[in-house]
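Questions regarding the structure given below will be posed in turn.
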Amino acid sequence: MSEHRPSHAQLLAFLKAEFPQNRCTLEEVDEDGSVVVAHPVGERELRPGNTVSGPVMMTLADVALYLAILARIGIVPLAVTTNLSINFLRKPRADRRVIARCRLMKLGKSLAVGEVWIFSEGEDEPVAHATGTYAIPRER
Amino acid sequence: MSEHRPSHAQLLAFLKAEFPQNRCTLEEVDEDGSVVVAHPVGERELRPGNTVSGPVMMTLADVALYLAILARIGIVPLAVTTNLSINFLRKPRADRRVIARCRLMKLGKSLAVGEVWIFSEGEDEPVAHATGTYAIPRER
Amino acid sequence: MSEHRPSHAQLLAFLKAEFPQNRCTLEEVDEDGSVVVAHPVGERELRPGNTVSGPVMMTLADVALYLAILARIGIVPLAVTTNLSINFLRKPRADRRVIARCRLMKLGKSLAVGEVWIFSEGEDEPVAHATGTYAIPRER
Amino acid sequence: MSEHRPSHAQLLAFLKAEFPQNRCTLEEVDEDGSVVVAHPVGERELRPGNTVSGPVMMTLADVALYLAILARIGIVPLAVTTNLSINFLRKPRADRRVIARCRLMKLGKSLAVGEVWIFSEGEDEPVAHATGTYAIPRER
């Protein structure tokens, strides 16, 4: 399927079109199809206590999974999340972006399953870990 | 613990303070402590194809769980989500609010576990189902 | 699809053939397709401390989901679990069977999603709650 | 806590006492506390179609998580699983043992969260991936 692999610019354009409200940025697409996606952390992402809100990390995980799939199969607008499960592990830093690294565990004909590790930028210990499943439309 | 149960107004005030960016509204608190929470659906919540974005439903599930716990144990700002798992079942309507009904399955000393059903307002079939765990701080 | 609905006896025969080692019994199949499945609790299911082991409850949840799907779509031997998530809520009784009640949340063409509540027989409070997804083979 | 770390023999003895019915074997305990656990695959573990049954892999994941925690915190019989979520990725081989490698993502005072990869012995591609949470008793 490598001839279908979209360029970084194509993925970015798609991200902007598909999730217009969303503030994630695509940082890297690796050879093996894993992706790195970032989310800014500012007043809109923080909760009292200087914690990044859970929904910001869930959004980041969902977008990272989607981009990891598209990076492998090409731009397929109708792929939909069927399941997402996230464990929150540590308090993220309030003064750093949150960074997600996503790798697919399985890329089947109808289902893709991926794993996402989320970090505060520059830190070693993960703040969250998610797994998710996307259904891929049959006729593509 | 019933003497600690916050009023609807107290929960609303807390929601506004704790999640200032968030657009969820608390609709009902039932006798048994289950809650109904709504999220508006407009341009900011939609994706191309007229689908409500997954992160909107994850946010709604997380807030509903949090409010269901607070409705039972009182305002405990430091409760944190440890795990959230969501299944997306059907495409939500683009022209209706999404409504979450959350009920606790367990309210222990250190962990609370709840279930959330999400519907497009006025529809019978759920669009998503989530379960989540919150850790409750020990000294309260 | 009602003409494909297998009888209780057909489901039992299939369960015995498909999971020969397994000790679950099918107790009820309701009109709406929900099922009740039981697992005996004896020396083999208990752990020190008189707790029913987690894997017994996971087995019960998996079998209940499978039977709930087959009760609706007919005997489809190749349906496979793709995801199962379980929350353990309370300690089960050592002197009672564990009973699972499973209901489908969604029955699509390629995916079925169900919910399982597990109880110690005769008790009101659930001991565990699971959700699971099965992939249904395309050509049936 | 390194002085509390049990020996391989102590973990084995505990496994045999705590899960007497269970056929898992502890293969390795690494420096970083990750563990490798195996389950035999024979007539009792197979389903028609020569597939290893899902409950065998769930049992293996649960035991691997438990041993990974005990390898780090010492023998704590009362630790209990609170949540386990598993994705089944590929069909395991019928003629090989299934092998789980478990690593903790977080080891807190009251909760431990771990990740388990399951393989057919000698194969590169995982057959399943699980995450799980254990509650650790407070007074230990």
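By written order: A, B, C and D. Residues from 1 in each chain.
Following the convention adopted for this analysis, contacts are C-beta pairs under 8 Å (C-beta built on N, C-alpha and C of every residue); 3 or more make two chains touch, one makes a residue touch a chain.
Nothing here was measured: the structure is a model prediction, and the numbers come from that model.
> Select the chain at the greatest separation from subunit C, using centres from the mean of Cα atoms.
With centres defined by C-alpha atoms, farthest from subunit C sits A.
> Are the two sides of the subunit B and subunit C contact the same residues or different ones, given that same means over half of the numbers occur on both copies?
Same: most residue numbers at the subunit B-subunit C interface appear in both copies.
> Could you please state the distance in Å, as a whole number, between where the Cα atoms of subunit C are centred and where those of subunit D are centred?
23
> Please report how many Å separate the Cα centroid of subunit B from that of subunit C, as a whole number.
28
> Report, in whole Å, the distance between the mean C-alpha point of subunit A and the mean C-alpha point of subunit C.
From the centre of subunit A to the centre of subunit C is 33 Å.
> Return the residues of subunit B touching two or more other chains; collapse runs of consecutive numbers into ranges.
82-83, 85, 87, 113, 133
> Within their complex, state which residues of subunit D touch subunit C.
17-19, 21-22, 44-45, 47-49, 51, 53-55, 58-59, 62, 77-78, 80-88
> Contact residues on subunit D for subunit B in the complex?
For subunit D paired with subunit B, touching residues are 82-83, 85, 110-111, 113, 133, 135, 138.
> Given the complex with subunit A, which residues does subunit D contribute to the contact?
Subunit D reaches subunit A through residues 85, 87, 89-90, 105-106, 113, 115, 126, 129, 131, 133.
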